[in-house]
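Take a look at the structures below.
Each of the next two complexes has subunit A plus one other chain: subunit B in the first, subunit C in the second.
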Partner chain A sequence: MDKHATFSNTWLATALIIPQLLLVFVFFYWPTAEAVYWAFTLEQPFGGSNQWVGMQNFQTVFNDSKYWNSVIVSIIFALATTALSLIISLGLALLVDRRLPGHQLFSFAYFIPYAMAAPAAGLAFRFIFAPSAGFMAAINEWYPNLWNPATNGSHALLLIILCQSWQSIGYNFVFFLAALQSIPRTLTEAGAMDGASVLRRMADIQIPLVAPTLFFLIIINLTDSFVNSFGIVDITTHGGPARATDLMVYKIYFDGFKAQDYSLAAAESIVLMLLVIALTFFQFRFVERRVHYN
Partner chain B sequence: MIERTPILNLVSQAILCIAFVAILSPFYIVFAAASHDFVTVNKVPMPLLPGGHLWENLSEVWVKANFGQAMRNSLISAVAVTVGKISLASISAFSIVFFNYRARMLVFWLIFITLMLPLEVRIVPTYAVAANVLSPLKSMLSFLGLSITLPEWNLLNTYPGLVLPLIATATGTFLYRQFFMTIPNELAEAAKMDGAGPIRFFWQILMPLSKSNMAALAAIMFVYSWNQYLWPLLVVTDQQNYATATMQLQKLVPSGQAEPPVWNTAMAANLIVLLPPALVSILLQRFIVRGLISTEK
Partner chain C sequence: MSNISIRKVRKTYDKNEVVHGVDLEVAAGEFVVLLGPSGCGKSTLLRMVAGLEAITSGEIAIGNKIVNKLEPRERGCAMVFQNYALYPHMSVAENIGYALKIARVPKVERNEKIRSVAETLNIADFLDRKPAQLSGGQRQRVAMGRAMIREPKIFLYDEPLSNLDAKLRVAMRLEIRKLHQRLGTTTLFVTHDQVEAMTLADRIVVMNKGIIEQVGTPLEIYSRPASAYVAGFIGSPSLNMIKGVLNPETATITLNDGQALQYDLKRWPNLHAGEIIAGFRAEAVSLCNSSKSLTLNPQFIEELGVSRQLHCELAGEQIIVTSQSDHDVKAGIPLHVTIEPGQIQLFNAQTGVRLETEVYDVDASVTQIRKAS
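Moving on to the complex of A and B:
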């Protein structure tokens, strides 16, 4: 950090940094602090300032079985999408890295899902997997009501898991491919000389060497599934049927803006914030230090 | 490397081809469904060859969902986020890296921490701030015992409301900082010796050097802000004038079971919405990928 610092005009430095600091203060620090304030207070029914209630909002949240349902659904969703998307994109990156004919076309195409907005992807998947039109409906023609995400909770959850996994393949794939390409060719060549087959080299040389990227992506994908899933849920299932896809971020939106209960939504936000902070912290402290093979 | 693995190569190619089809099929199905009429699109399974009603569906939904205005709003706010982000990120990274002042580490961390909490998790209070931007100032003044009546400054249903909260994060600043750190010290010193002040150094040396960085950040920010959904949904209540393109999707599928969804026009709308970011990421893929990967380090 101290390498640079060539200029010493403090006024200019301040003027350059002020706009960003101002924005960050108004739209980041203030709202975050306000969320904390709301989480510990209750709005008075007849106006006036909020009343301090301590942990009461959190107690309400934690005593609510609907909230625990939402936590469990979110965790299943996070683990399933992360596992599915990472396994598929690591596998594809390993194969593309073999540089067989056409690998450039493949690596170009696999990135494209990155471009689709969550609600757009949700709408496309809702059509493809609709019970009475599209493609999955063929199953229902063969055996009525075998597949129906509109009434069956686990089908709906599966639908949003598939959608989110598909959407994050593009991002994960480019990270894996970049990590694989940065492995020195001499290493895999030495493995080949020693008689290791292609698959053996993947398992014993390439995958261990991309472990830092893998762990980085695990954290990013978990965080992303907690925060970026709103668009998919809102377009495909609206949290239903019977709260089977009521992810935490969707519940916050619902409690805060539909039910107008800011204190409850704030307490839920704080829990989600802590979860996301814990994941980020874990990434910095643990993953960055421990998983380092080169 | 000379190695003969014909069977493995065949299997690899087969998997890659299947994945190619599976990954691109949602795009193709959206396109194909958008080109059928109402009866054909509801056949099970839907015919995969495109029909002849694409233009008809597109123009119908363009009018029905008010896409003329919505696409303009999306374009305006995406361009504003992109330009705003690049300008803010570059000058604040310049200040942090090239100037010597005591608080710069603190400032760096203040900005860097914003990477931790995305907009979605602090959505409720951010909305409250957008409804009255001067409320932080007001509360601080009243805390200091001053009661000055400030006007209400409301960002709901405005372009700044759609744009500013998306700019208030550290992604771009971080990218620029990483890039500025790689610039050799000698370059800045040489410029200084030749009589260039900080502003001239910034404009005539740093900016031309960071062109590919700028392209990466621009493409990433454009796709990111075009694809925003939750924030516009909250900030915009005046659907007629300020709705963005992604928001319109929600109106095309009924949430209840009462009426069957009109899939062909819904998919036509989807095609309209996904086309701009898809084009950007096809044309600028090289930059986007490089930008994404360099933010990691």
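Moving on to the complex of A and C:
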């Protein structure tokens, strides 16, 4: 028997998928095509139709040291947020999975940050970590200049890393918890009978068994840190100080809408898109296939 | 080898009590089977011994040391789970050797032990495979290997054979018994299968809804079930039981349809008239044509080769009768039989408790047995 539900009525099927296709077309394929067009052309100084310039925009992008700075900052940001967020959320999920009293409350609390809009989270972090007013102000009293994201680039980068990780912990937590709960309880019980302590059971049994989820989340988090970090940067640091937090996605926005160079911004967004496509391809091609036990 | 003492143990899940004060002594080296239908609290009791489930009240002692507060690893028990619970990401060798790895046994020694255990269980050829690449029976052996390798003080089995097909189940049953003979480790074995219990146990503990109905050797439980409940659970086929009214003057039990069974007045000389349950084994029924015979209606016939099981209707209840294969019996044609009065057992109609011989009356017998137990 065929496992898929099939429509014998082709017209009805078409009618049903058209709204979705239209949405994808209008909000994804069309802008993408537009970006490709922009990336290979230049605007005339005084209006008129665009002029085809081939790879010139890309050359400008790749010859710009500010762009490479942005790539490096983005990579550090992506790796750091992914690692931080995954480690913390896996830890929390392992604890909640033990079903100690009150665990439902904790699951709820851990998931909440994900439901918060990036600018709101950014604003909260801006206040919490404001060197002169927030929580860090008290620490700055004792150790002056220990923390000042407005002038210290590493501090600013750390600030957006913390903010982004904090936001994605909820999402990762839910995936990890679901994966942990799908491990038969008798496996950890067998581990307990074999003499393994709680930590040992986590390391030897639970974490290896959630490896498929872990790899999936690594890719999702990396992708997300590349493309979904605009809001945080825009609210907290504006890419500064001295371009220390100038993520690729923020630079695109800045070059396009602040510096008004659409062609440059379009070329940059094509590069970012290729990067994300490569990550996704890697995910489907290698990760999804490799880590399965049964 | 250690003894286990279970004293007044209760278990409550969210205000819902599922084990109601169980007392049980298991001697060192004994093989005890917990038998009962699904949901009667066998696993819960076993898991409390293992330390996987908290004890709500009461005490469990292993080797005379109270273990209520001890972690599973401090209790010296090894457990075989119903679904085997093998670690899917580890090879067979890693599965078996995991406990030793935790105990920091050096690798060379560990590998030696894994090999010797695997050889005893005939799985030495599969050491490099993952559990997913094994058949049910092989997985079962790996699970046993994992328990054996630690040389535990106590083996706990939770329905380890119920996922196997019938033939394999019989074979593994034999191996578990052999293993026990060789190692002599104290064993608690949970099952809902009375054949498994009868064949494996030194003593059987029959459980019902969180209490113990009877503790005894397989033969004791088979020949003198303490209650109608136990009688209905043990033996294949189980004891036939039928309700009737006892008449001490004629030493008969009148059934619903007016037919009467004779019971042995010498064993129960002082019973009062009243409702009663009569029990008899399928083999106690003999086919004949005497005037005192009972009439049964055979409904269908199971041919077993050596003998036949006749599923019959008597006074509106289902009973099973064993007959030789050469008797000419047909479904639908009434059958005349007699039952030797000495083969009739009696149970209290209200409580289901067995009436021991030489007691005054039905109600007194109940209180007497209650006091005794």
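Assume the second predicted complex is superposed on the first by the 286 of 294 C-alpha atoms of A that agree within 3 Å, B and C clash if a C-alpha of one lies under 4 Å from a C-alpha of the other, contacts with A are read in each partner's own complex, and residues count from 1 in each chain.
Going forward, a contact is a pair of C-beta atoms (placed from the backbone, for glycine too) under 8 Å apart; a residue touches a chain by one contact, two chains touch by 3 or more.
Keep in mind the model is a prediction, meaning the values are calculated, not measured.
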Message: Just to be sure I read the superposition right, which of the two partners does A:98 touch: subunit B = first, subunit C = second, or both, or neither?
response: first
- prompt: Looking at the overlay, what does A:189 touch: subunit B (first), subunit C (second), both, or neither?
  reply: both
- request: Quick one: name whichever of subunit B and subunit C touches more residues of subunit A.
  value: B
Message: Counting contacts the way the document defines them, which residues of subunit A are shared by the two interfaces, the one with subunit B and the one with subunit C?
response: 189, 192, 197
List of subunit B residues in touch with subunit A within their complex: 1, 3, 5, 8-9, 12-13, 15-16, 19-20, 23-24, 26-27, 29-30, 33, 41-46, 88-89, 91-92, 94-101, 104-105, 107-108, 110-111, 114-118, 120-130, 133, 136, 164-165, 167-170, 173, 180-181, 183, 185, 188-189, 192, 198-199, 201, 223, 226-227, 229-230, 233-234, 246, 249-250, 252-253, 255, 257, 260-261, 263, 266-267, 270, 273-274, 277-278, 280-282, 285, 288-289, 292-293, 296
Query: Quick one: in the complex, what on subunit A touches subunit C?
result: 184, 186-187, 189-197, 200, 204-205, 208-209, 293-294
- request: Could you please specify the touching residues of subunit C with respect to subunit A in the complex?
  value: 50-52, 71-73, 77-79, 81, 83, 85-89, 98-99, 102-103, 130, 132, 146, 150
Statement: Note: in the complex, subunit A contacts subunit B through residues 1, 3-10, 12-14, 16-17, 19-21, 23-32, 34-35, 38, 88, 91-92, 95-96, 98, 100-103, 105-106, 108-121, 123-128, 130, 132-135, 137-138, 140-141, 150, 166, 169, 171, 174-175, 178, 185, 188-189, 192, 197-199, 216, 223, 226-228, 230-231, 234-235, 238, 249, 252-253, 256-257, 262, 265-266, 269, 272-273, 276-277, 280
